[in-house]
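Quick one: this structure, given as structure tokens, is what I'll be asking you about.
The letters A, B, C and D name the chains in turn, as written, and every chain counts its residues from 1.
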Amino acid sequence: MTAEGGLLCRSLTVSPGGVGVLRGLSLEVAPGTRTVLVGPSGAGKTTLLRAIAGLEPLEGGEVHLVGRRIDGLAAHRRRIAVVFQEPRLLPHLGVEDNVALTLRAAGVGRGERRARARAGLEEVGLGGFAGRRTQGLSGGEQQRVALARALCAEPDLLMLDEPLAALDPNRREELRRLIARVQAQRGLTTLIITHDRAEAAELGERVALMLDGRIVQHDEPRALFERPVSAAVARFFGVANLLHGTVRDGHLSWAGVALPAPGPDGPATLAIRPDHVELAQEGPLRATVTEAVYTGAHVRLVALRGDHRLEAHVAPALAPPAGAEVTLELPAQRLWRLPGDSDSDGDGDGDGDGDGDGDELSEASGAPSSPADPR
Amino acid sequence: MSGLHASRRWRDRALVAPAVSVLALLFGGAVAGMLKTSLVPLGADGLSGATLDTWRELLGDPAFVDALVFSLRVTVLATAASAALAVPVAVALRRRGLAIRSLAALPLPVPHLLVAVAAVLWLGAGGLADRLLGGLPVNLVRDDAGVGIVLVYVFRETPFLVLLMLAAMGRGLQERTEAAAVLGASPGQRALWVLWPTIRGPLVVGSIIVGAFVLGAFEVPLAVGPSYPPTLATFAFDATQGSVLAGEGLAAATLLLTSTIAVALAVAAVRFARDAEGA
Amino acid sequence: MVRRPLLARAGGLAIGLAFALPLAILGVRAFADTWRAPALVPQDWGLRGFEAAFGGGATVEAFGNSIVVALGATALALALGWPAARVLGERRLRRPGVVFVALAMPLLVPPYATGAGLTEWFIRLRIIDSLGGLVLAHLTAVLPYVVLVLLAGFGTKVTELEDMGRTLGLSPARRLAWVTLPSVAPTLAAATVLGFLVSWSQYGSSLAVGGGLPMAPLVLFPFIGPDPQTAAALSLLYVIPPILALLVTARAASSPL
Amino acid sequence: MRARSQLRTTLPALAVLSATLLLAACGGDEDGSAETERPDSFAEIAGAAQGQTVRWWMDGGDDRINAYVDDVVIPAAREAGVRLERVPVGDTADAVQRVIAQRRAGRESGGAVDLIWLNGENFAAGKEAGLWLEGWVRDLPNARFVDFDDPTIVNDFQVPVDGQEAPWSRAAFALAHDSEELAEPPRTYAALLEYLRRNPGRFTYPAPPDFTGSAFVRQVVAAMGEDRAFAYLRELKPLMYRDGETFPESADELNDLFANGQVDFAMSYEANFVAAEVDNGTFPQSTRPFVLGEGALVNVSYVTIPSDAANQAGAQVVANLLMSPELQAQKADPEILGIPTVLDVERVPPDLRGRFDELDESPYVLSDFGQVEQELPASSVEPLEQRWEREILRGD
């Protein structure tokens, strides 16, 4: 029980509509911190959020918040505020009344309600919007109103479910910064849901990756990008290069090239991000470029060495054309040996646990002592 | 594991149960009573045994067959015409205020029989139209084809359908229409892709209600329908005109058969609408 | 560019009048003591129709009874129909067809068909010849309409807003008052008006179980064939309560609770 | 596919439901109370009637009859200690239906219909099924003013009344013409035919089984026998309004056609109908009644008390009042109603008899209907109507 003041979910089992989505899931958010729950659509992120919020009944498990157990409480008694993907503003109320909704419920007097609602709007950058109707607002403005409303509730936990998904890229950027700033200023324990790994990296002090109803890695953002615990994690975070082979004497032989691989001997997988693959003048790793696609920030190269495939992101100025022969270098400090061993097929759910049952799975999420953990 | 889910399903059923059971008890009992009336006549020595005589008499009566055909024709015509008129009227009234909508809704609280009275005052022989025009070119009241019946129903039922559609058109349609327009949908395509899916539900449900009503109501055909053939309902009405006891079985059988047809037509309509949805 | 809305407004007005004006002839007929062909306007104006309408004094009582019964039946239908409409509107049943058919039955079976059966059944149930019995009889006709209209108002939109309310700490009662009711206000208003209207126009079932208690349609109908003037006079009064109901609920729907 | 599978699961469910309800409906009612003790004298009845509320179900569309009941009968009943309520119905069948349902439900008391103004066919069928209270009419004090040897009073559509209904009104079949448009109407069947040959389309009658239309057919049958009557009606048909293809559905509709100049004749079984229609502005004041043929079909209207009525004593008190010379005289007054009395004026005490003699002559009410044509047996009315539909309406 580390998170005395934060959120602690233990062994949650949830089956909305009779379909088991979460089976024995555990998750912790330290007080005053921001955790992003990331994962592909259908992984069960929203189900988890709804379960924590009390919108979805638990079949098993516990939820603790600020040291008290809340899973038996009705949703409105949990002191949690949620900002949903759609703003869900009440159409019959104006901006100010929407923001002041929870204050009204708490019996706050009209004058104070108004002042606090205006302050809340100010905080989200909507000073002067108090008298507006909700209909004419843009998507971003509506989402800010929803955020101000959630903040006014002064919750113990703020949850945001894909709050940026419906916005255009520029607005998304602004709102992302706003959320981070407000959270930090208020020191709010916050759980944010997204399916976008870049967003997760930017927003999360900690990121939890959820795949098929299980949290497979919970760590600082960089760890998920660079030190994935499994092929599936690696794949989700865009690690295109998974090099399978057998380790002997600290080296893994891949496509005829010996790559440094610490740890015991045996079958292993090395991971390296495409942006860490470098072009070199000379070296053992010669390959033929089969694709060179300009993406704006870089050129994405696909290079083949025999039937082994490597992906590299290189600066446009340096990029060779398709068909060229190149020498690639995989810097040793960028190579990451995936923990476990048998993960050579990596079809999403393979995380090394042969009989992956609910209880054991929590090990990867709740236990920071996993081999991937830098600490 | 699924105990929670199962208990939710029972809770949902429990929420539906009061409405369904109240109707099953009150209304089902009335229908069962009609069935009994059609089978068990009340005679000199009280209720005798059940007999199918009434049903045999009904099905063997050529006037009944004529009434069936005539009723179905009038029902289909009146329902289709009301629906066809209601769509453009609803579209036209979409952005109009309460005052104009209330004007258009005025026929709703007026009983059918009274609407028929107004129709006769206007259209009957020696009626106002006759006086204004100095003679009517066609007979719309008591015409053999039942055009008068159809007209009265169209007048009375169109506002009902319009109101149902206007409710569905409320918030949201405007936005979706604009979204479609921005995506390059022509007015025709917008009508087909945005408007039609919005109003189809209420239109189908409303048309079923209208159709069932037209099939089984006697007031309007009695007021403006031809002397022959009767509709199913006026056939039943006539059966109890002289002596109720002599005709109540026949009337009950006719109306039960009418109800069965109405249910069958409704199911067919729902099915047809659903198929069209899939296409 | 400026003319189009004007044209549309005129078109709307024309449509409204097309439905309202033909009925205006009843308004003229009500005050026409004599109106025989070929006269375009009545030969004699007068109040004979209204005098006949109020002759027995039962008319006022009938209107009162009808309003009480219509309000009672509508309220009861809303209470029973609300949970059912929620479940149906949110598609929570796996086999809604059975429920739909059961609920829609009274709409499909002609009112004329059940009148006699209703009398006998209500006598057996011992709820005959009373205002309470009338409320229950009208309920069979009102409930299906109320459920059908109400269920259109429920769905993900409303549950999403309610979830929002729950997560923001609104108690169930406040959620109902601040979130749910305002969200479904338009359909709730429509269901109320329609329910009132359906009950108000019940001739058959009022006669079947009322045991002679005066009700508005029962007072009106006997005049319709034999005495068009009195019928027209009564019809002018007859449409007032439904129109009032329409206006009151339209106001209620536009100004949230 | 889904709709079909739903139907498949729904229909058996409904069948089970309706079967259950049917069984419930068939289960007899145990508590039908036994025949109530019959009081010996009318004084006892009048005593029992005190404070009772009598619901009299009657046609409610004639404002003059409504006014007569409201202004004359109800105050008289109040004086006798009975509260009388008029239940207006559009159709007598509605009242009869209520009585039948009570019987079908197995209840023998507490019925909501205390008094009905009834037509002959319903009386006959109800009498056969034992729906009416028996043997009470002759015990009413005012029955002494009625001539029970008069065949039109002791039989209703040739069915013996047997003290199950009390005479109330006398009806006679008459036609009407506008004396300004047509000074001298055709008064024989042949003259009517001749008139229509010269003025085709100017005549029609309501389609049976409408009460008035049916009565017109019976009037013709009474005058010339069934087969000749039908031959006559067939001959009439092509000369009638809209070539006889369409008939009015009711006397009211015929009245409107007449008032609007579409046809030259109206008709009714109510002896005072011209007075009523002139009074409410439908007919021009120049309208006059006349009898077609040698005489008019006549009939007596009765009120009856269902055997299950809740307030039988009160209903008898009211029925007695309806036969009182005072009320009958007012009813016969053309200023009020102009309906001929059912009383034998010779039996009325001299001090009251004057009321009948003093009645004003009215141009709208016939004092002489010619020879009395008897009504047909109730049982032959429906076959006659069916024959009419077959041979005249559909023209087989």
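Just so it is clear, a contact is a pair of C-beta atoms (placed from the backbone, for glycine too) under 8 Å apart; a residue touches a chain by one contact, two chains touch by 3 or more.
As the structure is a computational prediction, the values presented were derived from the model and not from experiment.
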**Asked** Counting C-beta pairs in contact, does B-C beat A-C or the other way around?
**Response** B-C
**Message:** Among all chains, whose Cα centre is located farthest from the one for chain C?
**Reply:** A
**Asked** How many angstrom between the C-alpha centroids of chain C and chain B?
**Response** 16
**Complete:** CA centroids of chain A and chain C: separation to the nearest Å works out as 55
**Request:** Measure off the straight-line distance from the CA centroid of chain A to the CA centroid of chain D, and report it in whole Å.
**Result:** 87
**Prompt:** Quick one: chain C and chain D, Cα centre-to-centre, how many Å?
**Reply:** 34
**Per-residue multi-chain contacts in chain C, two or more chains** = 37-38, 101-102, 116, 120-121, 124, 221, 224, 228
**Item:** Of all residues in chain A, the ones touching two or more other chains
**Value:** 91
**Request:** For chain B, jot down the residues that touch at least 2 other chains.
**Result:** 24, 28-29, 31-33, 37, 126-127, 248, 267
**Request:** Check the chains against each other and report every pair that touches.
**Result:** A-B, A-C, B-C, B-D, C-D
**Prompt:** Across the complex, what residues on chain C touch chain D?
**Reply:** 32-38, 44, 48, 52, 55-58, 95, 97-98, 101-102, 115-116, 119-121, 123-124, 128-129, 207-208, 211-212, 214, 218-219, 221-230
**Asked** Inside the complex, what are the residues of chain C that reach chain A?
**Response** 160-161, 163-172, 174-175, 178-179, 182-183, 185, 256
**Request:** Sort out for me which residues of chain A touch chain C in the complex.
**Result:** 50, 53-55, 74-82, 84, 86, 88, 90-93, 101-102, 104-106, 149-150, 153, 159
**chain B residues touching chain D - in the complex, by the definition given at the top** = 24, 28-29, 31-33, 35-37, 40, 42-44, 46-47, 63, 120, 124-127, 139, 142, 144, 222-223, 226-228, 238, 240-246, 248, 267, 270-271, 274
**Item:** Of all residues in chain B, those that touch chain C in their complex
**Value:** 9, 12-13, 15-16, 18-20, 22-24, 26-34, 37, 89, 92-93, 95-96, 98-111, 113-115, 117-119, 121-122, 126-128, 130-132, 155, 158-159, 163, 167-168, 170, 201-202, 205, 208-209, 212-213, 215-218, 233, 236-237, 248, 251-252, 255-256, 258-259, 262-263, 266-267
